[in-house]
Amino acid sequence: MASEVNGVDLRVSIGSLKLKNPVMTASGTFGYAREFEPYVNLHRLGAVVVKGISLEPRFGNPPPRIVETSCGMLNAIGLENVGVERFISEKMETLRQVNVPVFVNILGDTLDEYREIASRLAGVEGIAGIEVNISCPNVKKGGVAFGTDPEMAAVVTKAVKENSTVPIMVKLSPNVTDITVIARAVEDAGADAVSLINTLIGLAIDHRSRKPALANVIGGLSGPAIKPVALRMVYQVAQAVSLPVIGVGGIETTEDVLEFMLAGATAVQIGTANFVNPRASEEAVEGLAHYVATERLGSIREMIGGLVLP
Amino acid sequence: MASEVNGVDLRVSIGSLKLKNPVMTASGTFGYAREFEPYVNLHRLGAVVVKGISLEPRFGNPPPRIVETSCGMLNAIGLENVGVERFISEKMETLRQVNVPVFVNILGDTLDEYREIASRLAGVEGIAGIEVNISCPNVKKGGVAFGTDPEMAAVVTKAVKENSTVPIMVKLSPNVTDITVIARAVEDAGADAVSLINTLIGLAIDHRSRKPALANVIGGLSGPAIKPVALRMVYQVAQAVSLPVIGVGGIETTEDVLEFMLAGATAVQIGTANFVNPRASEEAVEGLAHYVATERLGSIREMIGGLVLP
Amino acid sequence: MPQFQKKTQIIRIERFASDIVRLTLDSPDIASVARPGQFVMIRTGNGKDPLLRRPFSISQTSNQKHFQILFKVVGRGTLLLSHCREGEFLSVLGPLGSGFTVDCQRMNCLVGGGMGIAPLLFLGKTLSRTCPENSPLVVVGSRTKEELEPLVNDFNEIGLTVHPATDDGSLGHHGLVTDVLKKLDLRGDSEIFVCGPHPMMAAVHFFCEERGYACQVSMETSMACGMGACLGCIVPVKNGAYAHACSDGPVFDSKELLWQVR
Amino acid sequence: MPQFQKKTQIIRIERFASDIVRLTLDSPDIASVARPGQFVMIRTGNGKDPLLRRPFSISQTSNQKHFQILFKVVGRGTLLLSHCREGEFLSVLGPLGSGFTVDCQRMNCLVGGGMGIAPLLFLGKTLSRTCPENSPLVVVGSRTKEELEPLVNDFNEIGLTVHPATDDGSLGHHGLVTDVLKKLDLRGDSEIFVCGPHPMMAAVHFFCEERGYACQVSMETSMACGMGACLGCIVPVKNGAYAHACSDGPVFDSKELLWQVR
């Protein structure tokens, strides 16, 4: 694995895992990576996080599932996925051929489901890490409750950690009063990293039909609109925990990545921007390399938490 | 007071207060109303809510206080205001000359301050109602704590209610896990209405200077970016309480107003949009009148909570 | 299948009606590999609002160099696009999705309504070339002559006979394309290729099912990515499951889909 | 004071450098009441991003019909504005803020740097008309001749003598406008009107304080509303308080403000 781009040091660590650069792709926005092969040299990315996987296959929510909002979008995919077995037999097969660390995003409706899916993934070749989705707002059971209650968040973290053979990253919900409380709870429970934020819960209405724009009524808000909230939460969490913090939310450009790193992120995930510019992630890697070179930094790690307070 | 625009019934009630239409302006975005006289026929609005008033005058935060974000803006004005005494002697003087119901937005760092400011305003001529800001994220003490804790929110509500001679509307913070809990708490404590949402807490960073874009570091996010979150919370709160709900957040056009009313709002407040289009509020009144007429509604009230679920 | 993200230059703008525009874009990469039924995702502005790309069928290609899209202004994205000037560049992703599958042995019939005619032009052209012995029938309908005539002319230029229908009777049959379709003398082995408003496609599907014709439909849904990544663009299929319009489609065998009987 | 929200037509676009543009806008309402030092708030696009209007000084008016703004492309808003075409309409709020206060008895001297020259053209014109006996001195500086010369010509046309300075020495003094100012033979009752980058205005303020000259500065801050409603546009004044650039200013007596000694 090439650890440097053009001789520039972009490496960062997430627990025991070394990434060649801090640019990851966000779950649910990058498919199973192969969709982006026409556009991106996947091996140049820091890591990819695949679409959320549950124990059993899910059909997901009925249409419409997405709607655009001002500088953002709402989605209520409802966690459509092939289930862990087919994920391992079909998707991992092709993912292994891509020379990039793969994080598997997992979710469950019950503690047992989290435990089972983690055990099932344990030891599967080619999985670099697990991202535990405790925050998805779309499924009524499970998701919301786990991510908004520090105790439940801790219990899930522990269950997954105990059954995993790779570093685990817990993905936090922004729909809480104090995200640092949840972050500290999952840190204490053994998480190797936290990623944030998942989507903000939102609603869109079509005034003509007087109906919700999404069949599921509510959905998750993502994109540039939420960036200020994500950046604030990353800043708060980075000060509250000593784990690596992975910044997510409205990131599209190199400048966005730099801002999240200044706020305290060790790495970032690019989400909705992949839809607009499929090359966003690779362009950010290139941009960071350029930045480190022109600013003559020893490494990109110098940016982490480098925010200068007034 | 003309209760109909072009013979169309736009009237709504907030507690004992009858408004000629549901379009209000949001605190902090409409000055003391007179600033908008060149652009708006103020007497055509449902009501205006003035900038937040504290017991003592406040200078507010140092600059920069505002920064634009994607489809939104962050502000950290820090509640600059002339204090309740000068507000009464200077600002109310001119506000009384405008033929429109005036809500005074109040805030305090302590329970006593809320109580005192409410008593001081009690009986002052020309005040139609009080909006209690328990949600401002900019002042370290008071604001955040009151608005995110149901008990504190209730205590403040009760204190203001007991000392007020006019209907009180409590303005809720969106930076909470479950806004319906707070809404129910202030309902039980005697609020006449709830308004929501105040700004989402956000952060912007200038990657060149590596500094926060605002001197206060964090600020409040407003504008179209937050509309889906506001709409969702209005929808949730309208189902949870039987008080009138006043919708705020990213509202600019007639269509936006209709969407908030469908979600359950009895009235709305237009905020950031006033900066972009100072005529936004009056245009929304005109748009609603047109809508009621062309859709042949008995009154605009038919829209309240009219969302059609799939 | 090759896919590209390209800045393509607008080399021609045609306005068929106040709200109907055809753009000719210069992109040898996309034009040379595109197949009928495929689409592109286009950024309609440079800012972050509108945020997402918009999907448009590839409506014709020429000389393996240019391709066209034909669209109607229905919202902010298409409005922005309609304000573009010749010489400007648009960011385009494509070609995306599966195309139509054609069988020269069958009696082929293209049925298009409104902007659904766009991909059928490309299909008609390809059919005339690949099945020279077997000209497809073409039934297309639109609101009015003004917007339909240029497209009818394009079909005629390829040498295809068109049965037009308009809502106002200003060109061809006064009424629905489905009326026209039903009156055609179709062979038992007919395959109908249909693209248009959902109710029209449903009607054609049921008609084909009744008659035992094969039927391919091109489905429109909201799309965020166009490449199978967001899972937003679903269409209901049998057994409560969903197919993805962008990657499994947009062209489907109509029998695979779940149609609401109206 | 009258203020308007108007759709104004762009009747002329001049490009002085790749990133410096002057627009002439048609608005009798605004042009006929505007005073030097006032500004307008302009929507730079039709979408919601960029969201806020951008402030620009009124740089000249003519015939009570047209007014001009002169701007430099520094970000997304100004970039969008620079792409406008003649004939298009821009939404403008104005005229806003207080203007310069002039006293014909004093020796008046206009000092401008970069885009800060914009409002001084208007001021120069007004001074020539209202104080015909007493031509003001004009000291203006910019990066290079290319962008400064058209403005110098405009001052010359009003009959004013200009002392130019450029960063690269391509026109006039090679260096800062403050160097030029310091070498001028100024009377004790001089009043300096200054607009430009903050460090330049601070330097001029301290210079005036030292010499006992009156000094009016035009302050630039971020602004959301331009009309005193948002309280976002503050400049620090004495005693820890703040003034609002849009409504108390943008023109201030420099002695009222808090200047950081550099």
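We call the chains A, B, C and D, going by the order they appear; numbering starts again at 1 in every chain.
Definition applied: a contact is a pair of C-beta atoms (placed from the backbone, for glycine too) under 8 Å apart; a residue touches a chain by one contact, two chains touch by 3 or more.
Remember, it's a predicted structure, so these values are computed and weren't measured experimentally.
Undergrad: Suppose chain centres are the mean of their C-alpha atoms. Which chain sits farthest from chain A?
TA: D
Undergrad: Name the pair in A-D, B-C or A-C that forms the same interface as B-D; by residue number, over half of the contact pairs must coincide.
TA: Repeat interface, by the over-half criterion: A-C.
Undergrad: Could you work out how far the Cα centre of chain B sits from that of chain C, in whole Å?
TA: 47
Undergrad: On a C-alpha centroid basis, what's the spacing between chain A and chain C, in Å?
TA: So the centre of chain A lies 36 Å away from the centre of chain C.
Undergrad: I'd like to verify one number: the distance from the centre of chain C to the centre of chain D, where each centre is the average of its C-alpha atoms, in whole angstrom.
TA: 54
Undergrad: Which positions in chain B touch two or more other chains at once?
TA: 62, 70-72, 223-224
Undergrad: What are the residues of chain C that contact at least two other chains?
TA: 48-50
Undergrad: Please classify the inter-chain touch graph. Allowed labels: line, ring, star, complete, other.
TA: complete
Undergrad: Going by the contact rule at the top, pick out the chain B residues touching chain D in the complex.
TA: On the chain B side, the touching residues are 28-31, 35-36, 38-39, 51, 59-60, 62-68, 70-73, 75, 77, 80, 223-224, 272, 274-279.
Undergrad: What residues on chain C touch chain A, complex-wise?
TA: Contacts found on chain C: 2-5, 43, 48-53, 91, 93, 221-236, 240-242, 247.
Undergrad: Show which residues of chain D lie in contact with chain C when the two form their complex.
TA: Against chain C, the touching part of chain D is residues 45, 47-50, 76.
Undergrad: Inside the complex, what are the residues of chain A that reach chain D?
TA: 70-71, 224
Undergrad: Which residues of chain D touch chain A in the complex?
TA: So the residues of chain D in touch with chain A come to 48-49.
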